[in-house]
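Below: one structure, written as structure tokens.
When the chains are written out, they are named A, B, C and D in that same order, and each has its own residue count from 1.
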Amino acid sequence: MLGQFKVTAIEQDKFELVREVIDPEALVRLVRAGQDGAIVTFDGFVRNESHGRETSYLEYEAYESMALGKMKEIAAQMHEKFAIHRVAIVHRLGRLEIGETSVFIAVSAPHRGAAFDACRYAIDTLKRTVPIWKKEYFADGAVWAEGELPPTPPSAKSAS
Amino acid sequence: MLGQFKVTAIEQDKFELVREVIDPEALVRLVRAGQDGAIVTFDGFVRNESHGRETSYLEYEAYESMALGKMKEIAAQMHEKFAIHRVAIVHRLGRLEIGETSVFIAVSAPHRGAAFDACRYAIDTLKRTVPIWKKEYFADGAVWAEGELPPTPPSAKSAS
Amino acid sequence: MPSIRVKVLFFGRLRELTGLAEEMGELPEGATLAQVFERYAERYPRLAGFRNSMVVSRNQEFAAWDTRVSAGDEIAFLPPVSGG
Amino acid sequence: MPSIRVKVLFFGRLRELTGLAEEMGELPEGATLAQVFERYAERYPRLAGFRNSMVVSRNQEFAAWDTRVSAGDEIAFLPPVSGG
């Protein structure tokens, strides 16, 4: 099956950082095409609690140009690793209320295995490598979410 | 995290066999709740080709009462195996045109890992165990899709 | 031997082959699902070739071929499933 | 030693701590990213405690601390990321 798969240019993919409400249906329509049979989506949205405390709202900020670059890198890796067709990755910035979508990812593919694997790879890698930060607001204060340290080259001397 | 998870009754889940167009957004709304942070969906839709032949349309039929029972069984297993919140599984029957959704699954969970694992478990198990049959129509004829033999108890003597 | 009545259903290509979607069948008490199938294979000889590429259910649960049927059972002959 | 100009950015809690989002910095040619950080840690002593829970990027790629900066580089100090 992989042999039959026509690799699709990343130009048809979509990456965005937005400050308004994310429209999942528009993104699903964008990745949907006749040669596909499967779309897997991931919708990450604001929970009403964090570590047992009731959340009031969240604020996201990003190193925007680098974040978009990293999102494109993730999509390029997805096309390399998985027999998928199109990818849409959108992250929202600014203030988000409970229940609002912070990140939405849609992946289309001829077969479901690749769509699942690629979608999961996308969100896992986004959370580790895309420079976006979340601040959690509670009734009695705010904290920066713990987060993950992105992997970095160990030494410039060993880098290309 | 699993310890904190409040197991949710399967009564809030949805299983349906429908003959009209599936509305994914309605199903996503149905599984979405404040204590969740993640929804993973699977959308299976009609491809424009099958084994290299151009598909005209498909027809699905089901052993409806048993199919609904098996879909509920799958959801019960999902709640048992994964820390998820709600499940919606809808399969369409009758004639479907290219690009139309035949099956849509939505799973909500506090954390993404469970949502991904459960959604994939759902579609994999549905394809192996739910009595639904697909007939593929081409310009020059029609064939029943190959399909999979569901696992059955080897002998009544060893059954309970 | 006393006889019992059961509902018998065919699906997919098996229904096409027999032209039969559903009927009330009369069977000897204590018959196994395999014996029920044999009766239909006698009536529809082309069915026999599908014996190894099908499963059977009893009261909407997949069942072993040596399961014995009871009065009022719903028995279905099911080709490989292809939903999704 | 000749000096070069680079753009320096702070994000998240590091930006809050320094009160500095972005500035043009003047640095000795051949300075490493670690040395750039030390300069800012002198100016903002509370930064020093975050040295092991942050990463640095050069021209929008994560970089090793011993990377040497060049004129016109864009350098950013980044706390652990928490998007998603």
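Please note the rule applied: a residue touches a chain if its C-beta (ideal position, glycine included) is under 8 Å from a C-beta of that chain, and two chains touch if they have at least 3 such contacts.
Keep in mind that what you see is a predicted model, and the values were worked out from it rather than measured.
Asks: Farthest from subunit A by Cα centre, which chain is it? Let me know.
Replies: Measuring from the centre of subunit A, the most distant chain centre belongs to C.
Asks: What is the distance in Å between the mean C-alpha positions of subunit C and subunit D?
Replies: Going by mean C-alpha positions, subunit C sits 74 Å from subunit D.
Asks: Would you mind pulling out the distance in Å between where the CA atoms of subunit B average out and where those of subunit C do?
Replies: That pair's centroid distance is 26 Å.
Asks: Report, in whole Å, the distance between the mean C-alpha point of subunit B and the mean C-alpha point of subunit D.
Replies: A distance of 50 Å separates the two centres.
Asks: On subunit D, where are the residues touching two or more other chains?
Replies: none
Asks: Could you list the positions in subunit B whose residues touch two or more of the other chains?
Replies: 44, 123
Asks: Of all possible chain pairs, which ones touch?
Replies: Applying the touch rule to all chain pairs gives A-B, A-D, B-C.
Asks: Quick check: in the complex, which residue numbers of subunit A touch subunit D?
Replies: 44, 60-63, 65-67, 69, 91, 102-103, 123, 126-135, 144-157, 159
Asks: Note which residues of subunit C are touching subunit B in the complex, please.
Replies: Listed in rising order, the residues are 9, 11-13, 32, 53-57, 60, 62-64, 66-68, 76, 78-84.
Asks: Can you list the residues on subunit A that touch subunit B in the complex?
Replies: Those in contact with subunit B are residues 24-25, 28, 32, 34-49, 98-99, 110, 112, 115-116, 119-120, 123.
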